[in-house]
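In this document, chain identifiers A, B and C correspond to the written order of the chains, with residue numbering beginning at 1 in each.
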Amino acid sequence: MIRAVWLIVRKDVTVEVRSRELAYTTVFFAISCVLVFAFSLVQEGRAAPGVGPGVLWMAIMFAGNLALGRTFERERQSETLRALMLVPAPRPAVYLGKLAGIVVLLTLTEIVLVPLVALLFQAELLSHPFWLAAVVLAGTFGFASVGTLFAAMLVRARSRDVLLPVLLYPITVPVLIAGVRATVAIAQPDFDADIVRFWFALLVAFDVVFLTLALWTFEPVMTD
Amino acid sequence: MPKWFQPATLVCGLMFAATPFVIASAPYESTMGLVQKVFYYHMPSAWMFLGSSIVCGIASVRFLASGDARHDRTALAAAEMAVLFGLLTLVTGPLWARKAWGTWWVWDARVTSSLVGWMIAWAYLILRQYGGPGSEKLAAGLALFGMANVPFIYISVNYWRTIHPATTVVPKLPFSMGFPLIFCLAAFTLLLVLLMKLRMRVAEQQSRLDSLYLSLDEQR
Amino acid sequence: MTSVDFEEVSAEDVSRHFGRRRAVSRMTFRATRGMILGLLGPNGAGKSTLLAMLATLLRPSSGTIRYGTFGLSGGAALRARIGVLGHDLFLYPELTARENLAFFAGLYGIADGDGRARAALERAGLETRGDDPVASFSRGMRQRVALERALIHDPRLALLDEPFTGLDDASSGALLRRLRTLRESGAIVILATHDLDLAEGLLDHALFLREGRIVESVVTPGGLRSTYRSVIGR
């Protein structure tokens, strides 16, 4: 199982290092999102106070949706996802491998996004870097764990491009709320660790519950 | 006479009696005025919305676990009911809120959770409609996730300050207002059950028709 | 993982429908070791659906498929004994042929993946192109890599969907030889094709399919084309 997960992650990384398509498009798309938000929210040379965290999470979720769609489009091109379902490894290994790849890709995107948002929206995001990293990672993981399952199961469906955000965004509302609230608390001058801890705990609970559910549902939803 | 005719007549009678007789005879609430009466529709719809969502979630889990198409038909019918009653809830809610809180829309915990839940129910139907063959399994997965999500949505949204009247006000209502409310709750429950049954019958007949069609094909 | 092995594959009264469309209708047949079974028929005859069911990717709506004493519940251990060449080749275009082969060898739990990949490249006649990305290959070369990918774990049951697509005469000849070796090594080969000329003389058993049904079943067939014309038309 672990070996299969590792092989799939390594394969995804090799493909990505060679084409760089996903990394470039996702990062650039995230930057474009931030710019669109900046032009709509910055007035008279100043960003409205407190919008930075919201912009950060919106950019993560939009870029994440795009990245999820593209990764599985790649597995669909020559039906390699079917080939992965045929190997004797346990099927959830395929899910875990794809999930790990998505999380790595989104983390890379966030490394670009966080300083950019902090700069353009005058948000003090980096005053508590460890908390920020923990919150962003937990949120990304929760978003990706639901997203990977949905994107995988939509590979066979018609109009999957539109269906993915339609299904994914309502389900990941708690991630958005908790992520934004925690980031707002981190960026505040009078830092309140209790608030951050509460939202972080909620994110971790979300991650645990939905990862478990996804591992359980992957096999039944993928076999027809 | 089809066998659902009598229950249907009963439910229609109850529903038609609700507005002109029971609700009209309830006392006029002085601060809220006439708008208060929308509450007799709002709360029962909200409960039916919640109930059908739960039914949809449970039926979906059973369908995923067993692959039995009967559970899938229940889930589909319940999801349609959830969208219907959710819409009623979300339309009547702002009417009440405008008078009670002074704004059409508040980002209150229950309002927001209902909105998100309603969107999930709708996403479920969209997926089944446009997902192509095999989408009923996928929709069941979505319903399971939607159900598991309820506590998370509720807790996270709850931190945005709640101004919804607590459910505990209901037993404290005077009888003259409590009776119409309970009457409406009962009528709405029966309406939900009836609509569910009819919808499941349609789905069942559809699948019977499909299998007849297939067996016809066989004999050719 | 317990190992699974079987002498024969059998389908009994197998049907699969999608909504009202019956893709496969009450098919019954058997294939034993050392045998090449051909599924012949026009597009939409149900060949691919049948192969997907034999590959455990689709469940039959009714009827049973058995692999010796095992049913579809054989799970991962059963999948380890089945090799599938899909119509869409199942290869990553960005990876080299060698990487594709080694990746799948690893997933099939083969210890010496690189060695196995090298041997497979040799059989495909692509030793010199092994380190080029599959995207740069011609359709015929890809087809050869895809076939070796499908057979990388020496499956007992090989399911091949249109293996002759895009092959020139020389490659087709090589493929025919490869399939005969496979038969001699005791594999069960089931292949779907509409290329009757190439299938002529290769098959031990031919099933002619039309609109999801077996319309004719011929053992050690000859004159495939005339049979095809009489049972399927055109």
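Here, a residue touches a chain if its C-beta (ideal position, glycine included) is under 8 Å from a C-beta of that chain, and two chains touch if they have at least 3 such contacts.
Keep in mind that what you see is a predicted model, and the values were worked out from it rather than measured.
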If you tally contacting C-beta pairs, which pair wins, B-C or A-B? A-B
If you average the C-alpha positions per chain, which one ends up nearest the average over all of them? A
If you average the CA atoms of subunit A and of subunit C, how far apart do the two points sit, in angstrom? 38
So what's the Cα centroid distance for subunit B and subunit C, whole Å? 49
Using Cα averages as centroids, what's the distance between subunit A and subunit B in whole Å? 32
Multi-chain contacts only, two chains or more: what residues does subunit C have there? none
Listed in rising order, subunit A residues that touch 2 or more other chains are 224
Would you please write down the residue numbers of subunit B that are in contact with two or more other chains? 134
Can you check the complex and tell me which residues of subunit A touch subunit B? 146, 149-150, 153-154, 156-159, 163, 166-167, 170-171, 173-174, 177-178, 181, 202, 205-206, 209-210, 213, 217, 220-221, 224
Per the touch rule, the subunit A residues reaching subunit C in their complex are 3-4, 7-8, 11, 14-15, 18-19, 77-80, 82-90, 223-224
Show which residues of subunit C lie in contact with subunit B when the two form their complex. 17-20, 22, 25-26
List the residues on subunit C that touch subunit A in their complex, please. 1, 55-59, 76-77, 79-80, 82, 84, 86-95, 99, 103-104, 106-109, 133, 149
Applying the document's contact rule, which stretches of subunit B touch subunit C when the two form their complex? 133-134, 210, 213-214, 217-218
